[in-house]
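Per-chain residue numbering starts at 1, and chain names A, B, C and D are given in the order in which the chains are listed.
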Amino acid sequence: MKKKVHHFINNNPIFLKFIYGLIILNILAIILASYKEIRFNYSQVLENFELFSVVIFSLEYVIRLWTADVEYKKGSAFSKRIKFATSAYGIIDILAILPFYLPLFFPFDLKVLRILRLFRLLRIFKLGRLSKSMKTITNVLKETKSELSITVFVAFVLLILSSTLMYYFENEAQPEKFENIGQALWWSVATLTTVGYGDVYPVTGVGKILSAIIALIGIGFIALPTGIISSAFIDKVQTDKQKKIDNMHICECPKCGAKHEKNVI
Amino acid sequence: MKKKVHHFINNNPIFLKFIYGLIILNILAIILASYKEIRFNYSQVLENFELFSVVIFSLEYVIRLWTADVEYKKGSAFSKRIKFATSAYGIIDILAILPFYLPLFFPFDLKVLRILRLFRLLRIFKLGRLSKSMKTITNVLKETKSELSITVFVAFVLLILSSTLMYYFENEAQPEKFENIGQALWWSVATLTTVGYGDVYPVTGVGKILSAIIALIGIGFIALPTGIISSAFIDKVQTDKQKKIDNMHICECPKCGAKHEKNVI
Amino acid sequence: MKKKVHHFINNNPIFLKFIYGLIILNILAIILASYKEIRFNYSQVLENFELFSVVIFSLEYVIRLWTADVEYKKGSAFSKRIKFATSAYGIIDILAILPFYLPLFFPFDLKVLRILRLFRLLRIFKLGRLSKSMKTITNVLKETKSELSITVFVAFVLLILSSTLMYYFENEAQPEKFENIGQALWWSVATLTTVGYGDVYPVTGVGKILSAIIALIGIGFIALPTGIISSAFIDKVQTDKQKKIDNMHICECPKCGAKHEKNVI
Amino acid sequence: MKKKVHHFINNNPIFLKFIYGLIILNILAIILASYKEIRFNYSQVLENFELFSVVIFSLEYVIRLWTADVEYKKGSAFSKRIKFATSAYGIIDILAILPFYLPLFFPFDLKVLRILRLFRLLRIFKLGRLSKSMKTITNVLKETKSELSITVFVAFVLLILSSTLMYYFENEAQPEKFENIGQALWWSVATLTTVGYGDVYPVTGVGKILSAIIALIGIGFIALPTGIISSAFIDKVQTDKQKKIDNMHICECPKCGAKHEKNVI
């Protein structure tokens, strides 16, 4: 029976659609509650919906905890539960309902409560269970992790260098906009990522030249991660193809015992 | 004779150029009519041109409907017509002339008429019949549909998360610019896509840090679809090459035993 | 002797460096002449330098015309000269010196003269003769010409559609900024290319949603040409490699006469 | 014993972590010192920390100079030291501590001192020794050097052309913003790199059309280096794979005659 429940909450299309619908409605509720008129006029509706959502998500969490021994193969019944509770989705599931329960036990002041309510946003990650094709992208990103982290490091060096130089160049001309390196960093990020809000920009000649160089490097900075991710995707596509071919005509070599592609002669 | 007409409207270079010219002139007319001086001084010319265009496009539609049984192989004469009328281009063709006919039958008020006139814009899609090489791009995009839709989903999650957080961070400092999450979303899109209009940007420290992170993620967000589309294009190019090789005749060299492409002499 | 001259102007490193240096100085002169103080204080220097440059470039043009029969293999002496004069570089060479000679023969008014002087900018293209590795990029771009032109067409359709819709949405709210579709096009380009100057942006709800969609499509619009160009570059790299391999161990098959990679047995 | 010291400063994880930590703290100190309140209230702490850092970095430099004969194989003891002192990291190491020592020997005025202090920023490059995977990216960039430099040249031509034209178009309408070609260049860079600060943009019709064209070319300009870098990365991944395959032992199957990877049993 436990297996049936486990299968139901993971595969029953109607249940899944209900949960995903509920998650999307929850996010919509957070967005709508930010509108003053809605927050005041429909506060009761929003509160009731939150109560309803928490009940459902709590039930889901309890059932997932209970059926954890179907999910995981190895370990004792208790260690399986711990495994689920400390898994990425297990943590998300508990954090997403925690902001409702915590204030019942601890007397928080308003500010802490407000931050706690932000945890409700984590419900959006529950949508991640949805997609199996998301794994492709996650795998590709994982494979390129070391090269992408170098890109991040290069970006960090570029940002620090350019913002420090810009601070020295522009501090006198625009003391209120380039008051310290922290504010110059804000300009650096906006330029290197080519966002360019236009709230801060250099006005001195040297500053403009540095800005131009950083903006042009920004183009290369976009090219680098793109090239890395592209190559990983292409490698994946080709490996998948090779696997297909490898699975087609297989022959076992009696000499060395290796399985290899059959040479059709 | 029906076959000749069908061939004529689909392949006659002079007729095709005439239609494409007419479509481009129609789009030009829409653009020009938006200029007050032109709208007032040349209203008669524009109206006559619209009448002329609608007559041509209506005739084209009727002929395409009539010759639908040459276009489609299977089904009865009536079902072939329905097939054309419900095809993408069939719907575009009728919607592009509808704004002219509907007001003749139904008494619409001005607002509805104005929206109806927007349908004339659909005539631009009639240009799509033009290009056969457009299929390459459409096919590549179709193949990467599932991965690209994941990118869209990730973008959606990023937008919701960042705009909600930004609303909490900036609401107090800039209540008129970050009045609700909807307005924060506007900032999110401008930052993640690196457009950066500069009408809304964070002013608090935490807000600026979040903005910097979102802008840097925006770079990766550009890299992802680019990598996906690149890999699909490369796969296509290689598959095309492989097909060419597979279609070539293979010969075994008696000198060295290698299998190689046959040289047709 | 003509061959020696032809070889000299095309291969002598000192002469080439002199010409490239002169071109770069010419461009610098155009930039410097745009500064009021320099234009007034050094007008004589700039005029003399222009005179000197035109003499050199005219001599170069005459010599290239004279040695055209070494450059081109086929045709009569006259047709070879015409071939050079009508080649891309031949046209650039004459247009780059024309703004000096024309006013000597025709009495132009000041406005025409000013435009004529812009032709001096064409001298920058004379630098193109410089690089032999530029051919790689030009070839790759040529190979992807049909797909890239489709991208341009898609961009054109997106720009027209979004600007027309935006004109309808924003015209009432911002009549001075979205006065006609032409002005809305300016916004479209800034958004689709993610430049986002911030001088024009939507203020209505519907307008903002359309703007967000266009900005997000802009990301894909960047991805498309990148993917196309990437695939062409990769194809080139692999074709070059294959050629190297093909040239390494070659065997001629006595059966069919084809040249193929040797199978080392 | 010298070998042990050399091994210690290059491989001892605790020493390396200490140095990297110190570098990061140094960069943090530079950033913090730009904040007026911190600079005034904690000047003693910052000075002491600078003294401490310089002592450590000086010691490190001396040790590296002393152990240079372990690092380099060939040459005399003296030439090995020169080799280290003139290597990229050797120059960075000395420049990063120089701003401390120079003022002790030479009486500089304040302005020179301020610029000298900027050299402390070079300490960030000492972090580069850290990463071995950074070599992958550096190698890829080196391989594509000639093609990337062409991209830079094309960018240079585009920037000069567009800024000169824009200067002619906009000078009359906005004399203070497009006063000379230098200022127009600032607009060119912001547009071609799609940064778009929004401080300078064309207002005339022709100017806007030129700006739109440059922005659209900007998209292609992003696509070019991305394509080049992508292809280099993919080539690298495939070469690595090929090397693996080439290093594997090949066996011929007596069953079907195919050559395949030997399964080491």
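Observations on the model:
Convention: contacts are C-beta pairs under 8 Å (C-beta built on N, C-alpha and C of every residue); 3 or more make two chains touch, one makes a residue touch a chain.
Quick caveat, the model's predicted, so the values are computed rather than measured.
Traced through touching neighbours, the fewest hops from subunit B to subunit C number 1. Looking at A-D alongside A-B, one finds more C-beta pairs in contact between the chains of A-D. Mean C-alpha positions place subunit A and subunit C at a centre distance of 41 Å. Centroids of subunit A and subunit B (each the mean of its C-alpha atoms) stand 29 Å apart.
Residues of subunit D in contact with two or more other chains: 182, 190, 194-198, 222, 226, 228, 230, 232, 234. Those residues of subunit C that touch subunit D in the shared complex are 27, 30-31, 34-36, 114, 118, 121, 124-125, 127, 131, 133-134, 136-137, 140, 148, 152, 155, 185-186, 189-190, 193-199, 221-222, 225-226, 228-230, 232-234, 236-238. On subunit B, the positions that touch subunit A within their shared complex are 146-147, 150-151, 153-154, 157, 160-161, 164-165, 167-168, 179-182, 184, 190-191, 194-198, 201, 205, 208, 211-212, 215-216, 218-220, 222-224, 226-228, 230-232, 234-235. In the complex of the two chains, the subunit C residues touching subunit A come out as 194-198, 226-227, 230, 234.
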